[in-house]
Amino acid sequence: MEILPVLGIPLLGGVLLGLVGHKRWAPELNAFMSFATLAAAAALTARVIASGPVTALEEQFFVDPFNVFLVALTAFVGFTTSLFSRPYMRTEEHDGRLSAGRLRLYHSMYQLFSFTMLLTLLTNNVGIMWVAMEGATLSTVLLVSLYRTPASLEAAWKYFILCSVGIAQALFGTILLYFAAEKVLGPGGTALLWTHLHEVRGELEPTVVSLAFVFLLVGYGTKVGLVPLHNWLPDAHAEGPTPVSAVLSGLLLNVALYAVVRSKVLVDGALETGFSGNLMMGFGLVSVVVAAFFLSRQKDIKRMFAYSSVEHMGIMTFAFGMGGPVAAFAGLLHMTVHSLTKSAIFFTVGHAAHATGTQNMDSIRGLMRQSPTIGWGLAIGTLAILGMPPFGVFTSEFMVLTTAMHEHSWATPFLLVALGVAFAAVFGKVQPMVFGEPTARPLPHPPALVPVFVHLAIVLMLGLYIPPYLVDWYRQAAALIG
Amino acid sequence: MSFSPLVGALAATAAWLVIGVLALIPAGNASFARKVAFPLGALVGLALAVFGLLAVWEPTASLTLVLGLPDLPFHVRLDPLAGFFLFLLGAVSAGISVYAAGYFQDEAPERLTLIGLQYFVFLAAMALVTLADDAYLFMVAWETMALASYFLVTTDHHQPAIRSAGFLYLLIAHLGAIAILLCFGILHGGQGDYSFAALRDAELTPFWASVAFLLAFFGFGAKAGMLPLHAWLPEAHPAAPSPVSALLSGVMLKTAIYGMVRVIYDLIGSVRWEWGVVVLVIGAATTLFGVLYALMQHDLKRLLAYHSVENIGIILLGLGMSMVFIGFGHPAAGVLGLIAALYHTLNHAVFKGLLFLGAGSILHRRGLRDLNDMGGLIRSMPRTAFYFLIGALAISALPPLNGFVSEWLTFQTALQAPILGHGVVRSLLPLFAATLALAGALTAMCFVKVFGIAFLGQPREPRHPVRAPPPHNGGDGGPMERLGMAWLAAGCFVLGLFPTSMLLVLNRVGASLTGWGLSDDALASGWLWLVPTTPAEASYSPVIFLLVIVGVVLLTILLVRRFYHGRVRYSHPWDCGFPEQTPRMQDTADAFGQSIRHVFGPLYLMKRSLPGPDDPAPKFTLKVEDRHWYWLYLPVARLVEFVSSRIALLQRGRISIYLLYSFITLIALLVFVR
Amino acid sequence: MNYAPGIAFQILQSVFVVLAAPLLAGWVNQCRAWLQNRTAPSILLPYYTLAKLFHKDAVIAEHASPVFRLTPYILFGCMWLAGGIVPVLATDLPFAPAADIIALVAVFALARVFASLAAMDIGTSFGGLGARREMLIGFLAEPAMLMTLFTAAFISGSTQLTTIVETLSRRELAIYPSLAFAAVAFLMVLLAENARIPVDNPTTHLELTMVHEALILEYSARHLALVEWAAAIKLFAYMTIGFAMFVPWGIAHAGDWAGLPFAVAALAMKLALAGAGLALIETVSAKFRLFLAPEFLSTAFLLAVLGMLTHFLVRG
Amino acid sequence: MADTVSGQIVNLLAAFLLLVAFAMLSQRRVLSLVRLFAWQGAALAASTLVVAYTTAQPHLYISAAITIGLKVIFIPWALHRLIDRLDVRWDVETLINIPTTMLAGIALVIFAFALATPISQMAGTLTRSTLGIALACVLLSFLMMIVRRKAIPQVIGFLALENGLFFAATSATYGMPLVVELGVALDVLVGTFIFGIFFFHIREQFESLDIRHMEKLKED
């Protein structure tokens, strides 16, 4: 049973670090636990590739090509973020911003957070998925307010209130789904299991399911950061410590979108009309355009990249909204390359903020001159996230744009204008930071930049050549999404 | 698979990439990059040129690589058009790489390794753009080219001006790429994948074909420096190190022209004459604007960049005429126009590369960049002066060099106007030829100014601090630099004196695109006479030109020495008897352009500061600005600023408002669902 | 066709043009003197000045570059080539296909560029002034010149001077409105290019007004002789281009020795009339200030364009 | 079956729950707000017990027990202690005056009923008619969160929202499976605990629990 270690290790890590999180070697333990999770996830992935979808513990857990690659991605980025957080947290402690006690909280919450995310991905029970999602929110709220500054408290409060209310609506959606399923599958626990729901989705009651989808979309949409519901995202991602921002931007948004797509699959089966697809496309398009115009007014670097996350989540939602094998393939690929690139960017941003002592973009200058690795990492990462070929982000954007052009040609001009404005805004701000006379000071602890260049190398590879097993992995998942 | 030019070209591109990566090795004070990389790159360039030429004569070869998207692997194709542009890329980059070997000798190792990597990635990307046969590989190569050249332009990024130039360059390149992507989308029409073959046989309604044309024209035009979207070119090209500026101006602009020809002639196929008129109007405007603003510059590299804008205008004139003729159903004259445009593309690559290398030598050896600081350089840099003179004569379209041949062909195309049916267009065409003549004459004036002020006359004392102290004796460049310049100068001569060989190559390219070739007695005219249509109509023999002039010059010198004594007496310059002759009494670069400012006054946006009568330190400053900044670029920036400030109201910071947004969205959707 | 007579004719014409040019210059000076009722210098005066100059020692500035010393020979070579191409005595010469009218205009442009460069070489203020003014007039005159030549090219369907002469001389004596416009435009361009009175005074040394003189200020002895000779040939060539386009009758065909004496006579008569006309224009009009030259030449350009448009409209 | 005694009792309790929701919306003092919340919890527990008794579903007893334990005893007690420790006794200001909020509330109830009627016909459960009321409770507590200016009333609004959801679950489908019920209850518990921590931090940073201090993170 490969599923249990994948969930057990982070839970154990959370508890263990809860006890010894304040010790000097706590970051190493944290990294080791994340590595163990990665190893377990790799074993699970190998098994799913070999023998197809797996269910465990009398169908409470379910793994198919769609969520196994997300599990692998979550474990991998979780591990690289833990590597990055070692020097980062030590520098924070060295600068006196964090006490040992808070580090203990940080490390235990970090492991619990990856546990909740993996649980959301692996569970077959839609209710448990909601509970795990709520757990993810709870575990990161304290992390966002780790610094106890007025700004971080405000960010955490907004994050907690908005997300809890959002997720509460998702619970109502889940209840309606359960209600519609129970009429077909009869009472008992099986009505909440996604596999059963998937088989019987044709016979679900259309009106109830569409109502449920509205609540689910608005609920989980708040967690994804779609525009009218996105207000918490820039504050939460900017005020928390950078490893938290990296994990939030890189992974939590993907998991939320995974939940939305899972419910879209069910709703599509129930309703013949493209109701759910159009809704997601609408939200996606509005998110891309509004986020693009937000970018040019930012002063704080992490807030800017948070808005960039909103924009990319908009693109993914638009892609999954369009439906069809190519668009779904593009959405999955975009999920992967976005989380890899965005986490790499946050790593460099973390080190840059430490080197210059501020997150205000106007006073960060000459990174390349001060420390070429951080400078080049940020430059290449920014170019990758802006969709410049030969990086993978362009590949998925190319597929999204080309499919959009001949299915929904009315949407393409908006997308292209948004991409152009986003490029001008972000690159206009990052270029002066990377070039010019340095304002940075050397870091007390050497920056861990190996993860950055590993991520960017993978994204570059995905831009030029997607390995065949990854291709049919995505294809099966895309067929599943339909 | 058998060895074909396509495989050879791919091997050359791969070789460039390998050299680029190897150049990163910092061992031994970056010895690989310093000593081996650039000459090796030049050899690979030559090989690529040979493969390009071979490809023109061989049937089209195509290949699919294993890289790329799962359902759209990279397609690669080498047809005569791609072969010609590979030849251009290979030959010109060979000369520039040899020059770069000498130029980058004394670079700091960490800068040199980066320059080496980006330089060869840039070359490989350009080769890939020419070889690409599907929309995805084309876009990847296109933007990698923009990216690599961006990092080259911002090598010494400590100057704020260079940073803003780099940003503007990459921004407009990216917007252009977005327009091209949209054009491919429209061409696609819905079925099949995105390979060029599928795009070719997707039939389009005239409306969508025109939309695709406009998108392609402005997308590639943005990269070529066409009028409304040219503002980045005079900023970005001078900012780069000189060999890179030569590559940017000489070769990269040509990949934009290649893209334009590939999309309009090959992918869209059915060319309409209205498009030709649009291209002609914008081409004429670009030409005149480019040369008139070049005359106003006193920064040498900025002047050369404006001339690139002008020459792109000339190429567009040729293309426009060819599209008008093809649109009206006269493909024979259309092919002549296309050949004139492609010939000028090659010529411009050669002589603009040579001029930038010359400017590079002056900057590298003497640290001088502003024309008002130069003077009398011919005495200390005779060889550079000689090569620069050849480049100047070539760009001014003076016989017997190559610049004249392509302008002459463009004039011949214009003179085919009477066969057109449409009254207005028939009389418009010669007017466009007149703007070409005006631009040619103005270029001649501009390069008299450049050569006269920079190389001739007395050395002026530099007003701007000399940035790079001259590392050597301030004389001519090293052997490699001279070899690079000699190669391009020889190119000017060969292309000027033996145009018929290149005409045959271009005829095949034209035939592969439009299915029509030149008339057979044009092709049978032997190497001595260049005949575009029929010998009776027009013919031109550059060889006889040169022989007669050189013969007469030698004959006169002999006769004068024989019959009359050759005695010479050296004394002070006469200057109507004025005794104290100081260098400050010579013309400055701005003074030379004064008559142009007088004649074309309203075109310029002049900011002038005249000293008062009792000003102890009178200082006259003149700044000529480009109106387009105020017509197009700043209004767009202000619009984006306005929209984003309106949207920023969405995030006012109050949590109750955020909750309200969520609530209203929920209620709205629920109402919509019911 | 056998080349012998063609080459013989070619050499004959080239030598004839080079030798006759100073005669034409002398004739124009003589006519001007009579019109201004002063005693005219001998018609051979230009030959004497050339001979005198060739005997003197050349005085050159210390730091003159090779460009300065080579330019007189290059100017002479260019004008010699122009003389060889234009059908002065005979059409269909071996050199004729070497260059058409566009190449001819380019040859004059080449000569102008080298003259300006040589003027700037010594680094005196007058050299720069002369070069700037020469290029100003040059870049305005070239489009006008090309448009006049285009009109003739459209009528005869070719840009080769030989074909133009043959088609125009065979046509019956009809007055072409387009050619009339082109002729006036050509005359204005001729005046500007050869530094005649309305645009520039060939004989003046007044610094403020001189254009052509400023270019050759630094030359002396044999270099000055060659430059003056080239200027004379240029005037001769311009006149013969005018004859070829507007009064083409009487030019012999290459190779028929019988037609030669008649061609020479016809040429002499045309040149005499043209020289007198030029002298008349010079005495009647006064020199513009420099910045009226652009208006003068843009009217020339407008007339040429009008000529071309009438050709299209009238010809239909 | 619908009009049996238990059905009437459940409807009665549902009506009481709606009344409490309205009362909370218009309440001025924090302490009475907490007491109303406790009553709401009690009503919810009672209805769960009735449903458990009539449909003899064992897990409903457990869920009723959890509700009583959590929402009637522990959370109100915790809130009381917090209010004493933070001595936030003064009454609660609202953004919009009470009458307009009440009108909005009524509109929301009507909308909720219009939305829920098609679904309740299909529901086979005894308490299907109360689905509309549950949805109304959810929307009302949502509105309460929007209009409150202090942190604690906002949190109480959120907890009322959770109550509404629990009630919807029991009325639509006789409650969620036990493991989900436990999970949700755990989340609510941890949520309240974290809210408590936040109250102390906010109090320490801003000296008051007024949310208007927390408006600095915005786009200028």
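Observations, loosely collected:
Order of writing sets the labels: A, B, C and D. Residues in every chain begin at 1.
Just so we're on the same page, contacts are C-beta pairs under 8 Å (C-beta built on N, C-alpha and C of every residue); 3 or more make two chains touch, one makes a residue touch a chain.
Owing to the predicted nature of the structure, the values given are computational and were not obtained by experimental measurement.
Here the chain-to-chain distance from chain A to chain D, counted in touching steps, is 1.
Of all chain pairs, the one joined by the greatest number of contacting C-beta pairs is B-C.
When you average the Cα atoms of each chain and compare centres, the chain farthest from chain B turns out to be D.
Spacing of chain A relative to chain B, judged by their CA centroids, is 44 angstrom.
As a whole-number value, the distance joining the C-alpha centres of chain B and chain C reads 36 Å.
Measuring from the averaged C-alpha position of chain C to that of chain D gives a distance of 103 Å. Averaging Cα coordinates per chain places chain B and chain D 71 Å apart.
Residue positions 648, 650-651, 655, 659, 670 of chain B each touch two or more of the other chains.
Residue positions of chain C with contacts to 2 or more other chains are absent.
In chain D, the residues that touch at least two other chains are 115, 142, 145, 211, 214-217, 219-220.
The list of touching chain pairs reads A-B, A-D, B-C, B-D. Interface of chain B with chain D (complex): residues 648-656, 659-660, 663, 667, 670, 674. Residues 54-55, 57-63, 65, 67, 70, 73-74, 76-78, 80-81, 84, 95, 97-100, 102-103, 106-107, 109-110, 112-113, 116-117, 120-129, 131-133, 135-136, 138-140, 142-143, 146-147, 150, 153-154, 157-160, 163, 205, 207, 217-218, 220, 222, 226, 291, 294, 301, 305, 308-309, 312 of chain C touch chain B in their complex. Those residues of chain A lying in contact with chain B across their complex are 157-158, 161-162, 165-166, 169, 210-211, 214-215, 217-218, 222, 227-229, 231-232, 234, 279, 290, 293-297, 326, 329, 366, 368-369, 372, 383, 386, 388-390, 394-395, 398-399, 401-402, 405-406, 409, 412-413, 416, 419-421, 423-425, 427-428, 431-432, 435-437, 463-466, 468, 471, 475.
Considering their complex, residues 66-71, 110, 135-136, 139-144, 146-147, 154, 157-158, 160, 163, 166-167, 170-171, 174-175, 178, 181-182, 184-186, 188-190, 194, 640-641, 643-645, 647-648, 650-651, 655, 658-659, 661-662, 664-666, 669-670, 673 of chain B touch chain A. By the touch rule above, chain D contacts chain B in their complex via residues 95, 111, 114-115, 142-143, 145-149, 211-212, 214-220.
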